[in-house]
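Below you'll find a set of structures to go through.
Here come two complexes built around chain A, the first alongside chain B, the second alongside chain C.
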Partner chain A sequence: MTLADIAKKLNLRVLCCTDRLDRVVSGGYVGDLLSDVIANSRAGDIWITRQSHRNIVAVASLKEHAAVILALGKEPDDETLEKATDEGVPLIVTNLSGFEVAGRIYELLTRS
Partner chain B sequence: MPALKKYRCDLHIHTCLSPCADLDMYPRALVAGSIKAGLDVIGICDHNAAENAGYVMSAADGKGLTVFPGMEITSREEVHILSLFENVEPLYTLQKIVYEALPGVNDENVFGCQAIVNEHDEVEGVSEKLLIGSTTLSLETIVETVHDLGGIVIAAHVDRESFGIIGQLGFIPDTLSLDALEVSYRTNPAEFMKKFPELSRYPFITSSDAHRIEDIGRAYTVLEIRQPTIEECLKAFGGSAGRRIVEP
Partner chain C sequence: MNRSYEKTFSVEGGNFDNAGMASIEIKKILKDLQISDDVVRKAAIAVYESELNIISYARNGHITLYVTDDAVNVDVRDEGPGIEDIELAMKPGYSTATEQIRQMGFGAGMGLYNIKTCSDRFEISSTVGEGTHLSIKINRNGQ
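Here is the complex of A and B:
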């Protein structure tokens, strides 16, 4: 399943790197502690968080995440959006809670 | 009553050892920048590391600038805590403890370079550790350890949502014996203190959290003390023997 499929099915707002929506999503991770995300997430994960500072781009890059979703309408800082655009990390904002968006993505991934 | 003087202090400055700091923040340049900013006292606080602190002290020797060597430690709860000391020996002891509790290896391309540079502008090496990471040390352990080593403990940038104690925990645990709370340059300290009246029992300071030369001294604390020592700073924080925090 690609990022494009998920974004379309859940009507997600992609803020940047729309040329990267063909990325394959293999899983997901929910977390706000960067050390935890670095230790436990995997390449191909969609990372769901409420952290909006620029370090999330470094972490997503390092772990080769498919995308970062900011839940509950959290907008990224300007610096974060700029860095994400530069580094090719798709940033998505949703009004859904972390619980809801994770649940829906999990369902889509396990059904496919 | 001994004569007290006002000292302009920026107690939270990073060197080029911190991956997020400019490579321009090498000891000699940092000292020059601090003097230019009109500072009397600076605190060197790199993320989870202290290799450059001693070099900054050497670079400041005889220049009328007091340097407190310290470290900004990331607790396992991802809270940033500043620790400051009178000299490097206890800081190096703390360094061993922090390094033992700090997993991970740095990726320069992702997080930045972690350069160890001496007072002659010579690069001595790089730190391989993941300094941007969290230690496995709890807040309580950090506070206790720093105090046991004779240092000052300050909760860093408490107004910040990320890595500030209130943002990460939602509150400040009563049992934590913090010496002061730091409000970052981003926030007006008086307004912050009004917004959180329950924190009025803590002394408040402000600092630059400078990662670039031009940011040194963009926020500073004025202390009225006898001389620039850790002991005097603690007296000022506690408002004892006439010592006090003049600003903020």
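Here is the complex of A and C:
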């Protein structure tokens, strides 16, 4: 399943790197503590978080996440958006809660 | 053991703007050297946590990567406050991170523990008022 499929099905708003929506999403990880995300998430994951500081971009880039989803309508700082654009990390926002967006993506990934 | 690759990165304390950049570069280097995925993953985690600790707690520091036939080694040295009680600092959950650092998602007290978990050999030494030294070794062939 690609990022484009997920964004469309869940009606998510992609803020940058729309040229990278063909990326395949292999799994997901939910976390707000960066040491936890660094240690336990995997390449190809879609990372769901409430952190919006620019440090999320380095984490997603280092871990080769497919994208970062900011849940519960959290908007990224301008600096974060700029850095994500530079580093090629798709940033996505949704009004859904972390619980809900994770559940829906899990369902899509396990059915496909 | 001959060193087939060596490079040193400097890291500035307190500067979160480029946090993680040394880790990202080191990961690229290791991939280019065709080190196995699992070893690259462990090295990236260890370097990221080391880099963030310099930024969070020290004035400045250096991370040296050197690769030998049998291991990926990371040597981390900083000039900073040092660690008074290393045993306590190693405990998962122990953190002295400030509120400002916690607001960015750091300060879970997992960094040093993660480094240790990813290493086949991990040594830490510190002198209060001078700085901290980490020596990390990750074997390239399983054990």
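We take it that the second predicted complex is superposed on the first by the 112 of 112 C-alpha atoms of A that agree within 3 Å, B and C clash if a C-alpha of one lies under 4 Å from a C-alpha of the other, contacts with A are read in each partner's own complex, and residues count from 1 in each chain.
Rule of thumb we're sticking to: contacts are C-beta pairs under 8 Å (C-beta built on N, C-alpha and C of every residue); 3 or more make two chains touch, one makes a residue touch a chain.
Small disclaimer: the values here were computed from a predicted structure and weren't measured.
With both complexes brought onto chain A, simultaneous placement of chain B and chain C is prevented by a clash. Applying the stated contact rule after C-alpha superposition, one finds that A:D77 touches neither chain B nor chain C.
Of the two partner chains placed around the shared chain by superposition, neither chain B nor chain C is touched by A:E107. A simple residue count on chain A separates chain B from chain C, and the partner touching more is C. In the superposition on chain A, A:D86 contacts neither chain B nor chain C.
Of the two partner chains, both chain B and chain C are touched by A:L34. Shared contact residues on chain A (touching chain B in one structure, chain C in the other): 33-35, 38-39, 51, 53, 55, 58, 61-62. Residues of chain C that touch chain A in their complex: 16-17, 19-21, 23-24, 27, 44-45, 48-49, 52, 103-106, 108-111, 114, 117. Contact residues of chain A toward chain C in the complex are 32-36, 38-39, 49, 51, 53-56, 58-59, 61-63.
Looking at the complex, you find that chain B touches chain A at residues 74, 76-78, 103-104, 107, 110-111, 132-134, 162.
Those residues of chain A whose C-beta lies close enough to touch chain B in the complex are 33-35, 38-39, 51, 53, 55, 58, 61-62.
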